[in-house]
Every structure is written in C-alpha cells, then in structure tokens.
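Both complexes shown next keep subunit A, but they swap its partner, so subunit B is in the first and subunit C is in the second.
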Partner chain A sequence: MDKGSTSHETQRFGSFGSFFRRCILSILSIAPIPNHIAFIMDGNRRYCKKKNLMEGAGHRVGFSALMAMLRYCYELGVKCVTVYAFSIDNFKRRPEEVQSLMELMQEKIEGLIKEESIVNHYGIRVYFIGNLKLMSKPVRLAAEKAMVATASNSRAVLSICIAYTSTDEIVHAVQESCQEKWDEIRELNASGAGYGLIELDGNRREQGEHYIGVADVEKHMYMAVAPDPDIIIRASGETRLSNFLLWQSSYCLLYSPFVLWPEIGFQHLVWAVLEFQRNYFYLKEKKKS
Partner chain B sequence: PRGANVRVLAVVLLIVVGGAVGLRHASELQRVCRFNNGFGRGDTESLSLGCSGENCVISLGQSCNLGLFLLWHILHFIVTFWYFALRIANALESCLISSGLLKKYKALCSGKIQCLAIVMDSKDADQTSKVIELLQWLGALGVKYVCLYDTEGVLKKSKEAITGSGRFSHAKSSEEAAKTDPLLDQEIITVEFASFSDGKAAVVKAANLLFVKYYLGGEQEEPILSESHVAEALEAIGCGGPDPDLLLVYGPGRCHLGFPAWRIRYTEIV
Partner chain C sequence: MHSLRFPYFPLPKITNVPVKSRPSSPFSVVPKLHKLNLSSANPHAAAEDHCTQVKSWELVDREEKGDHQVAEELAAAGLRAELMPKHVAVIMDGNRRWALERGLSVEDGHRGGGRVMKQIVEICLKLGVKVLTFFAFSTENWIRPAVSGLLFFVFAALPFNFSISHLCLSIGRLIYGPCMQEEVAFLMSLFEEVINSDLEDFKRLGVRMSVIGNKSELPMSLQGLIRLAEESTKANSKLQLVGAMNYSGRYDITQACKSIAKKVKDGLLPLQEIDEALFQQELETKCIEFPQPDLLIRTSGELRVSNFMLWQMAYTELVFVEKLYPDFGEADFIAAVSSFQKRGRRRGGNKY
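Let's look at the complex of A and B:
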C-alpha cells in the first residue's frame, strides 16, 4: 500500500514538475530561443567520488542527466543540441576506464535506436561527430547504425562528439579541402582543360593566390551538419573549452555553472537561455559586422 | 522611535536599490523590447522593429499573452538584480584588494601566467589610454606577454601609440619575443595585437600553404596532414603566437569573439 501511495505521489510531483516546466518554457518563448546549444559533460568522476559510488557509476548518472537535459531542450524548441561525450585526450586515461566508457557508450547508442527512445519521440536525427576511426569497432558500428536509422528524422538534430577535438577537426577539414582541390586540378588536367595548369601554378604560388577559401574548409568540418552553437554550457564550473568547437564558437555565449554534470538541472538551462536573451542583440551585431 | 527609524531607512534603501535595478532593467528593456511586438516564437526577422524604449506598442491579442510578457520581464528583472548585486560585491572586493586588507591577494604569483590574452569590444579599444592603463596594471602584476584582441583590428591601428607609451615591446614574431634582454626582463611586456583576420582566415592561409607545399610541390601521392603541420604553417605565416593561459573578456557576454581558435584549446576564459 505504501509503495502504491509513494509512486502516486511521485507521479503527481512529476506531472506538477512538467506543468511548471512547460509554464517556464512558454514564458521564455516570448523572446528568441537559441537555435543550437552545446554541452560539455564534465564532472562525472568528481560526482562519483563525492557520492562514494562505484567507479563508472558517475557516467551512468551523467547519462540520465543528459537525457533529462535533452528532453528540456527539445521541449523548449531548441533545434540542435551538441554533446561532448568523449575527447581524443580522454584516450590517455586508464585503459579500464576507457574500456568501461566504450561499453557504456555502445549500450546507450544501441538504446537510442529503440522505438520508445527520446530520439523517435522528438524526431531527432543523430550524428556522431569526430574521428570515428579511433573508436573500437563495435562502438563505431553501433554509431553508424544509429546514424542510418535516424537519417529520416528531421525535426531536430543531436550531435554526439566522440573521439573529437577541435584541432583534429580543423586538420581533417584542411586535409579534405586540400584533397578536394587536388582532385579538381587533376581532373582539369586530365580532361585537357588545364592547359598546363601546373606551370601556371608556379606564378600563382608566387602571388600567393588562394586555392582554398573559408567556405571550403567549413564545408569539410565534422560540424557542418549543424549551424554554429548559440550557447556552450560547461558543467562543473571550469572555464576552459578543452578543444571543443573552437572554430564554431566565435559568437557563442559561454556559460559555466558551478554544478557537476550529473547534478545539472532545468534551472541551469533556464538561466543559460535568459543570459542568451540578454546578450542576443549584442552578439547579433557582432556577427553582422 | 529607533525601530521606526531603522524601518524607514530600510524602506528608503530598498527603494533606491529597486530604482537602480529598475533603471538598469529599463535600459535593457529598450534592447529586448524590439522583438516583443508580436509575441512570436523566436522569429525575430518577421517581427517589425516598431517600438522604442518605454513606448512599446503591445498588440493585446489575448490577456494571457500580456501575462506571459510580464512574467518574462520579471524573470529578466531577477537576472538583472542578480548581476547588479554581483557588481556591488565585486566593487567592494576591489576596494578591499586595493587597500591591501585582503591578505590572500598580497602575494599574487603571476609567474604562472606565461601569456595572457585580452578580448575587448572594438568600441572600447578606441580608448587607447584605458588600454595603456590596463597594460600598466598587468605589468605591475608581473605578466610578461599580453595578446590584445579586438574583432575589427582597432587595436592594431593604435599599435604605435600603445607600444610607444611605456615599457612595452611589440612582438613581431615569436623569435623576437624570445630575444628580450634578460636585464630588462622585469620591465618589458611583450604585446601582441590580433584581430578577426588572425582567426579563421589565418587557418585558411595555412591550408593554402600546406596545399602548395605538400600537394602541388610534393612527391607523395596522398600526403597525410597532422596537427604539427598546421601548427608549423600557422607559424610560417606569422600567426603562431603562444597559447594564452588566461583569456579575459571585456564585454557584456562571455564570448571570445573569434580569437584565433588554434590557440585557445586549454585557455581559461573568464
């Protein structure tokens, strides 16, 4: 009997909570809502130590916090969400920890494709951003499968950054644009339309003419699937970007609440959006000029 | 009578604080009000910018919309009040620090900061005297290398004025920065000037350099580029300054406004 009444209570509390959330979200919608929010999920291990949990349990709690934040974001109407799940620097951690993280990721990625998951509820298209070749094969396959399975969703976008660092992304984009240009030149030469383009290139080289432009590099970025972020929220109060979205965060607001990732809640998202609204015109002017 | 006096004082204080916050909020209201003409959802381009300041023309479609509008202002008022309180607390702390009362700030070990970067609004950058003052304070703290950044390059234009006015040396390239005379080391700050073109455009120039070097001029069929190649190319074009340890943003929002991305990987941005 007791259990029944407590579960009834939690249900009522839960529905009151969601009603309250919907009220706040409708108030916030008066002003522009950010189009793209990025999260750096920092503080799982510190949370684990703080609550004396088993190793690795912090990441699981972090995952449920992530699901909650995603739900709030999509309810608010944010079209794109990016999440920094695993950095290339994180490979330097202890092998057991890396292994357990890989297993957790594989489990959760497979969970995402299921029918009743949040992804299908909100019509989210999932992208896995990063140098996926560095990941172990099962995780990579699960990620590719998830990307294919959600390819038809179009209401929102979720980008999960695994094996990602911004510098690696820039290098990759530079390499790809060089390769594309090279292939273009070779094709022109092969079809005879080059007219000795290679000789002409000697002159161009001296003049320092541009082969590759900003647009070429940007189109080969891993994050070309989403617009630039409007807010980057880093949990645990650290003020660094840690090699995350450095290229895309030129006019992006940085917000670092003093809360560990597993403890992040609706109120932090609300504060971040209010800050965004306060600085909306300032950043818009900066972007234009 | 004494109790009544205290109460009157408290009420007056509350009115003054409330008024100050209200004024601040009203000045922001002028900005944010522009898109409240239709209570539309985020689609600001379609909303006409037809209101200014206090004379907001609110289309009263439904009374609940007005209610939401008021609640939104209340939420933002809370944020404004919070920042107001924060500014007062910071001002108090600054006074205490300058008067030397707070012991922990006396021994500020600034040897830890090899390179400090400052991002400021281009309008603020016009006030060259303030920039020079800031540099002098940083010098007093013991910072040796400062990178000044503003989006439009206003600081670059006032390069001569800034470096000429004190014991500042201009960093033309990293080699020159390393050559500072050790005897004068205590007094000279190396100042670097950067603008938006040193960010994305510099990486694109580096990409072109790499293309010419490895694809057009190289023998390998498929060269593999790595981070060190890009770093070398950036140095070659003169945008390879040291990575700042700390980046101070002067402006309403915490945003690095396009500071060269390659250099702020692990920089604390405040």
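Let's look at the complex of A and C:
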C-alpha cells in the first residue's frame, strides 16, 4: 500500500514537473529559438570520482543526462543537436578506459534504433560525424546501421561526433576538395575540352584565386549535414573548445556552466537559450555583414 | 635601466557622468573575474577572496633582476613562472560601448583602447610572455553593424522588445551608415599613429612586430609602415607583438586551403601528404614561434570568439571578462593569467 502511494506521488510529481517544463518552454518559444545547439559532455569522470562510483559509471549517468537534454531540446523546437561524444584525442587515454567507452557506445548506438527510443519518438535523423575508420569495427558497423535506419526521419537531426576533431575535419575537407578539383581538371584535359578554358583562365588559375573557395571546403566538412551551431554548451565550467567545431563556432554563443555533465539540467538549457535570445539580433546582423 | 614609456593619449576628464551598470549573468563563465573590485584609478586594490593579490610592479627591465627575484615577484602576485602562457591573444571589445556610456566620441573610445594595449605589452614583457596577439581589425569590420548594434544594446535590457530593436537597427543603419566608414578610416589612421609613435620604443625593448591578415586590402601608407616595422624589428626576440588586421579565422583557413590546392595542382605536393602539421605551416601564423594561443582574453562580457584564430585556438583557454576594454587594467590581466594557471589542461588525455 505504501509503495503504491509513493509511486503514485512520484508519478504526480513527475507529471507536474513535465507540465511546468512545458510552460517554461512555451514562454521561451515566444522569442527566436536556436536552430542548432551543440554539447561538449565534459565531467563524467569527475562526477564518478565525486560520487565514488565504479569506473565507467560516470559515463552511463552522463548518457542519461544526454537523453534528458535531447528531450528538452526537441520539445523546445531545436532542429539540430550535436554532441561531442569521443574525440580523436581521447584515444590517448588508458586502453581499458577506451575499450569501456567503445563498449558503452556500441550498446547505446544499438539502443538508439529500437522502436521505443527517443530517435523514433521525435523523428530524429542520426549522423555519426568523424573519422569513423579510427573506430573499432563493431562500433563503426553499429553507427552505419543507425544512420541507415534513421535516414527517413526528417523532423530533427542529431549529430554524434565520434573519432572527431575539428582540425582533422578541416584537413579532410581540404583533401576532398583538392581531389575533386584535380579529378575535374583531369576529365577536362582527357576530353580535350579543357585546353581552351585553361588557356583563357590561365592567369586566374595560376594565382589559385578561384580554384578552391570557402564553399568547396564547407561542402566537404563532416558537419555539412547541419547548419552552424547557435550555442555551444560545455559542461564542467571549462572554457575551451577542445578542437570541437572550430570552423562552425565563429559567431556562436559559448556557454560554460559550472556543472558536471551528468548533473546538467533543464535550468542550464533555459539560461543558455535566454542568453542566445538576448544577443540574437546583434549576431544576426554580424553574420549578414 | 630601461623603463617603458609610451606616449599615451590622456583620457578626457569625466565628471559626474552616470555610468550604466552592466547586468551580470548568474552563470558567468568566469565568476571569479566578475567579482574583482578593481578600478583603473586604483590598480593596486586587493582582490576579493580567492582572486589574485595584486602587488605594484616596478617598471624595471626584467633582465635587471635575477630569475629568482622575478619568480618571487610572480609568486607574490599569485603567479607561477613555469605556468606562464607563452602566447596570449586578446579580443579588444567594448571601446565604442565604453565611449557611448560616457558620452564620448567613438574615436575617444578607440584611443582609450590603444592606451590599454600598450599597458598589456608592458605587462607581458614583465611576465615573460613570448607572443601577444591583438585582434585589431576583422575582415568583417569594413562594414560594421556598429551603431545599429549599439542601438540594440540600449534595448537589450528589455528582452521582449524584438520588434522595436529591429526597427532601431534599420533606422540606425540609415542614419549612421556614412559614420561607419569614417570610423574605419579613423581606425586605419590610428594604427599608423601607433606604429609611428611606438616603433622606436619597440626596437629598444626587444619587441618584434608582426601583422597577420590580408594586408593587400589595407591603405598603401599603412602597408608601407607595416613592412618597415616588421623589417626593422625582425631580429628582436623578447616579445612578438602580433596585430591581426583585416584578419579572420575563416579567411586564414581558406587562404591556407588555396595555397595547398595550388601546390597540389602544380605537382609540388602529393594529396596524401596533406596533414595537420603541413596545414598549420600554410596559415598566416606561420611567422609566429608559438602559433597557438594558450590564453584568449575577451573583454566586454561577450561569450564568443568572433571568427578569430579558429584553427589556432583548438585548445586555447578562453577567459571572458565583463569589463569593457578601456577599463581593462593590469590587475585584470594578472587575474586572467592566474585563472589560466589554475586550469587543468588535458587535451583529451588523462589527468586522473
């Protein structure tokens, strides 16, 4: 009887919390909502140490926090969310920790494509962003399967950065751009149609002025699947980008609350959105100029 | 004994001008800095609780003292010589807002900012910082949303006046459009003035001057002065003072891409040899011994990097300070360095 009444009270409290959250989100929606929010999920290991948990437990709690934040974002109407799950630099950690993270990622990626998952509930298309060749085969296969399974979803986008650094992304984009242009020139030369164009355009191409542009590089970025983020939220109070979305973060709001990732909550998202709304018009003009 | 004397532009006397207090955010990125109770009139005031104790600095050439004495002085200020950032970058934000709050002209705001720049050079020479970069002029600054943006700030305190602020943006651009170009012209002349007046001091003090950015679009006279300054100070090694003029992070990355593409096209570089180290060598910062800033300081409370040194700041510690740039002083700089020194830098690896 007691257990029943306790669970009933918990349910009522949960419903009230959900109702209260929806009210806040409705008020926030009066003003412009960020289109794209990115998260750096920092502080899992410190949380583990703080709570005296077993190694690896911090990341599991962190995953629950991620699911909650995704729910809040998509309820608010944010179209794109990007999360920094695993950096190329993280391979420097102890092999046991890396292995444990790989196993956790595989487990959670496989869970994403289940019927009852958040991905299907909100119609989210999932992308795995990064140099996936560096990941272990099971994780890579799980990621590819998840991308295929969610390819038809179109209401929102979730980009999960694994084996990612921004500098690797930029170098990869430059290589792809050069390869593409090189192939174009070879085709033109092979067909014989290129000579006239090259002769006429000789000077410009020599200077390389119009050979490769910003658009060529941007279209080959891993993150070309989403617009630039409006807000990057880094948990744990550290204020640095750690090689995350360097190109894309030119004008984005950087928000770094003093809370470890597993402890991040709805109030932090609300504050980040309010700060975004306060600077919205100024940043919009800046981007136009 | 060399002491640093820069001709500085004395600020106009201000009496009884009410200064609008800036709202502070409860989730400030660096609340410790926001709590500093230091004014430019009293740079030696003690900081609160966990903030750095500031001692007065004598303007004595660092080399006059032994390493031991220097380390003692740094320790007295709460700093450690071995943790000193090698490269500090500064985004000098807030000159115009500072002038607006005091009823001064925008030019006065920029001159106030110029004075602070020289103070920071002085401090870096004392602390042993090797590279100091200032974001002087962005590629986007040619057409500034200057005054229209300022009008927005007036209404920023009222969070739901979006339609009113948008109207102000349009009116601001219409009325003040020509003034924006005047401001750009003034800035170009200010840069020339600073180089002309300070070059001899820099030479004497061992400061090497460099400018990064698309210099070809700057006025010819300024280009000439930059060449002269770079050439005449290239042998100096105490501090490299880098001015980012007509620069942006995306411009830098794009010009590096073009340079690499040309080498690939000309058969000088195989595609598979393009890697991060090679890419870094093509950036504008290739002239800098330590091209990646350890510490970025941005004044005026804005929480963004505004397209500055994007590649280079992959692991840079960001310190955002509420004060407007002309109010930023020695104590604030030391507090920022102190904050930097307390941070754990892991670069994705292990600290635990």
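List of remarks:
As a working rule, the second predicted complex is superposed on the first by the 274 of 289 C-alpha atoms of A that agree within 3 Å, B and C clash if a C-alpha of one lies under 4 Å from a C-alpha of the other, contacts with A are read in each partner's own complex, and residues count from 1 in each chain.
What we mean here is this: a contact is a pair of C-beta atoms (placed from the backbone, for glycine too) under 8 Å apart; a residue touches a chain by one contact, two chains touch by 3 or more.
The model shown is predicted, which means the values in this text are computed figures rather than measured ones.
Once the two complexes are overlaid on the shared chain, A:168 sits against subunit B and subunit C alike.
Once chain A of one complex is fitted onto chain A of the other, the partner contacts of A:52 are absent, as it touches neither subunit B nor subunit C.
In the overlay built on the shared chain, the residue A:152 is in contact with neither subunit B nor subunit C.
Once chain A of one complex is fitted onto chain A of the other, the partner contacts of A:191 are absent, as it touches neither subunit B nor subunit C.
After overlaying the two complexes on the shared chain, residue contacts for A:178 are found with subunit B and with subunit C alike. Touch criterion met: A:214 reaches subunit B and subunit C at once.
Common to the subunit B and subunit C interfaces on subunit A are residues 30-32, 165-168, 170-171, 174-175, 177-179, 181-182, 205, 208, 211-214, 217, 238-243, 246-247, 249-255, 271, 274-275, 277-283, 286, 289. Interface of subunit B with subunit A (complex): residues 28, 31-32, 34-36, 39, 41-42, 44, 68-69, 71-72, 75-76, 79, 151-152, 199-201, 203-208, 210-212, 214-216, 222, 224-227, 229-230, 251-258, 261-262, 264-270. Subunit A contributes residues 30-32, 45-46, 49, 87-90, 92-94, 165-168, 170-171, 174-175, 177-179, 181-182, 185, 205, 207-209, 211-214, 216-217, 238-243, 246-247, 249-258, 268, 271, 274-275, 277-283, 285-286, 288-289 to its touches with subunit C in the complex. Listing the residues of subunit C that touch subunit A in their complex gives 25-27, 29-31, 140, 143-145, 148-149, 152-153, 156, 159-160, 162, 165-166, 169, 248-250, 253-254, 257-262, 264-265, 271, 274-276, 279, 302-307, 310-311, 313-320, 343, 347-350, 352. Residues of subunit A that touch subunit B in their complex: 26-33, 77, 165-168, 170-171, 174-175, 177-179, 181-182, 198, 201, 205, 208, 210-214, 217, 238-243, 246-247, 249-255, 270-271, 274-275, 277-283, 286, 289.
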